[in-house]
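Below are structures written as structure tokens.
Two complexes follow with subunit A in common, the first pairing it with subunit B and the second with subunit C.
Presenting the complex of A and B:
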């Protein structure tokens, strides 16, 4: 469903994504694994179209130059130049890193805002589904999102992304800054979401261990370049991965 | 005397709140401090007057027409001028202030000065409250203030566009990823704020004449209320309206009527020295937690 070809992203003169190609098929869970500043967020922002918003803002300021080359196709259609909100309308939804929620709005209101593209009845259903999938959220439904714990905020952020009705859900470091117990919970939640909706997933992570067994395919990137690819369980056994990411 | 002060203080406070609501909505959502706000307020008054007297339209056409045109002009200012400097605060201030000056001084240049520029009151009558004489228009202002504040609350909590307002006010990038066209919603918020300015003008201006200088006064009052209350805080706006509103009436009653405007200016200075974020400045507790 998603085809990325020869993607290159420069910040000023520093290259963040270097000649990267990848493919995501419908129904898959695909991982993008890389350590700090490997280029995961830059890649996710480019897939979701957010990079255009950054590019335009920088241009207005006369700030740094951002250059994007290569192509992104979604269901055979070239979407390389589409802004983020249009891609969301087409079904590519990004859940940004560091649990992006609206801190001053209540949990329910966050979900309502996220239902912008949906009809009223669908919004109601979506909120119920989110509460089914994330019982913690149901308990805190009228609490301000800013007062939730990191893990709860992450679940809310995923719930919000699901409200949009994605065909392809991009998760940028959903486990960032969470305790191991919370990480397990969030991984379970992600699997639940998938079981319920069958949504296709691309997940960027550095701590791949809780996720790797579930990945249909994984791309390992370093300094913006692909270094390894393969099905998740296979990479689990790869000695290079073991030493680089699990410290074994 | 005390009763009169209370009643007029209350009415004056509602006037200030009405004047500040639109400015605050726009700022809270698009982050644009619309310094053309006072000019848009006065423009709505003149447009309505032109509709009534030059075109001979009935009030129910001239007044909504003026509101719609004012909101439309604001949306165009956003789309053709502000969009290109969005996020550059100084440029936004210069651009909106420049537009405001241009609009106001154009009216002055075209000769829109004099006592004939008045708008009709909604109801031409007066009532006695206790032993204080209050004209019906002032009661209409109070009604309009309550109505517009309530509608704003309803709009931002229960409509799609209103919820999108709150979304982009808090985090524009996240809103974009949810399929919200932030530029479009921000343009709506500027138009919405200008629409509120126009509605405020239609109920407040019948108390006096429409004058170019009123544009500057309205801007100063809106700024004073928003800065004292804390930018972006609705509770702050209401509290600040009442503080400044009563202070102005007390000044006018016991000191000197022409000092009313000074109260707003002193309030701005005082709050900037004592608590720059305003009385109800942004939710500190949340910021500390994150």
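Presenting the complex of A and C:
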């Protein structure tokens, strides 16, 4: 479904993603595991096309020069040069890190904004689906999103990404800043999302422990380079993963 | 083979960043060139210019000071739309002191500089807690309000203003004072912004909550920045009062608020030198276009738009990047 080949991203002279290739099959949950500054967010931005927007903005203000090389194919079609909104229309939707929501709008309004391009019936369905998946959101449906807790905002952000109707959902650090209990809840929610909608997921995350057992395939990256690959449960037993991500 | 463009500092820049610069004439020249040449150039221009253009240069210097004062405020996180407030207050203090008390311009200008700084700081003190657009709104409205107060109460000459004030002497003296003042203000404030105190002001702009958490009372420092900035603006006002030998309601006009901001947009914000460069482009340019009559404003506006769209970072940032860095194609190593 998604094929990434020889992807290289430079921020000025610093390399963020180094010769990375990966493949995502339909219906899978794929993880990109890496510590801080490994290049996870850059990878997600490149897959979703946001990098082109950053590139243009930096260029205009004479800031850092961003260089992107390599190819991204989605359903056999080359989308390497497509801007973010085109990719979202084709079904690649990114849920950015630090749960970005519209703080001054209510939960329902947030979902409606995200579903602006869908039909009215689809929006209604989508909102119901979000409330089914995340019962916490249903309880706060008319509350301002800015007043929700971090975990609830994360669930809302995932719900908003779902509203766009993705074929491939990219989650950037969905567990960031959440308590272990909240993390398990979000992981459960992510599994529910897959079960209900059959959407394909790519999750970038550094908290590997709650996530790894459920990953169909995981890519471990360090300093922008692939170091390990394999099905999630297999990697659980890998001594390197244990020492680097579980602190054993 | 895949290639990408690389941007790195010039070797001479890296070498002259260090104290070793003092061991080589080439490195010292590299450092001195962008600082000395503009200074020499300005004085040379003043020496060869006709009386008319010398006057234009004086006005340009004053707009440069206003633009610098805008940039100081902006560096401390206060976006102002009302440099005219500083300009006008300085102008009226100098004008009234000279007219009613007969004090010489050589005294009224320093008094107006300090007094204008104090008055503007006190006036804006209550709104120091406002941020962004709210602070800008207040600063924009205040000069317009004062203008109407003068019109309504007819104080300080009312609508007619005060004319027949003393001058500083001839236009050459005026130019010398203005040019020296511009360079003194520019270099001393640039120096200040690179000290710890300047870092603190920039920190307030970047993230005021972080500065608060570090135990600093940001309003105290914001008030100081406000004083410094408004004193510079008030100096410009006081100086222009004596150059025109007139003070009246036009000193609170929108021009004195807009042109400094336009200069910053053209020159590049946050450097102090950029705004100055910007006003040295815009003000003489607007004089040059004066022969075109009504089209003048149109052409002026087009140039402004082209500059801000084509080089949003500002001319100064662009030039300094070209001076300090170079680009080359390199092979991508995997």
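The working rule: the second predicted complex is superposed on the first by the 248 of 248 C-alpha atoms of A that agree within 3 Å, B and C clash if a C-alpha of one lies under 4 Å from a C-alpha of the other, contacts with A are read in each partner's own complex, and residues count from 1 in each chain.
To be clear about the criterion, contacts are C-beta pairs under 8 Å (C-beta built on N, C-alpha and C of every residue); 3 or more make two chains touch, one makes a residue touch a chain.
Please read all numbers here as calculations on a predicted model, not as lab measurements.
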Given the superposition on subunit A, are subunit B and subunit C in a clash or a fit? clash
I'd like to know which partner A:10 touches here: subunit B for first, subunit C for second, both or neither. second
When the two structures are overlaid on chain A, which partner does A:105 contact: first (subunit B), second (subunit C), both, or neither? first
Of the partners subunit B and subunit C, which touch A:69 in the superposed model: first, second, both, neither? second
First (subunit B), second (subunit C), both or neither: which does A:61 touch? both
Of the partners subunit B and subunit C, which touch A:206 in the superposed model: first, second, both, neither? neither
Per the overlay, which chain contacts more subunit A residues, subunit B or subunit C? B
First, second, both or neither for A:114, with subunit B first and subunit C second: first
I'd like to know which partner A:19 touches here: subunit B for first, subunit C for second, both or neither. second
Subunit A positions touched by subunit B in one structure and by subunit C in the second: 60-61
Going by the contact rule set out above, which residues of subunit B touch subunit A in the complex? 84-88, 157, 160, 163-164, 166-167, 170-171, 173-182, 283, 286, 289-290
Would you tell me which residues of subunit C are touching subunit A in their complex? 2, 4-8, 311-313, 317-318, 321, 332, 334
Within the complex, subunit B is touched by subunit A residues 48, 50, 53, 57, 60-61, 83-85, 88-89, 93-96, 100-105, 109, 112-114, 116-117, 144, 146-147, 160-161, 163-164
Contact residues on subunit A for subunit C in the complex? 8, 10, 12-13, 18-19, 60-63, 65, 67, 69
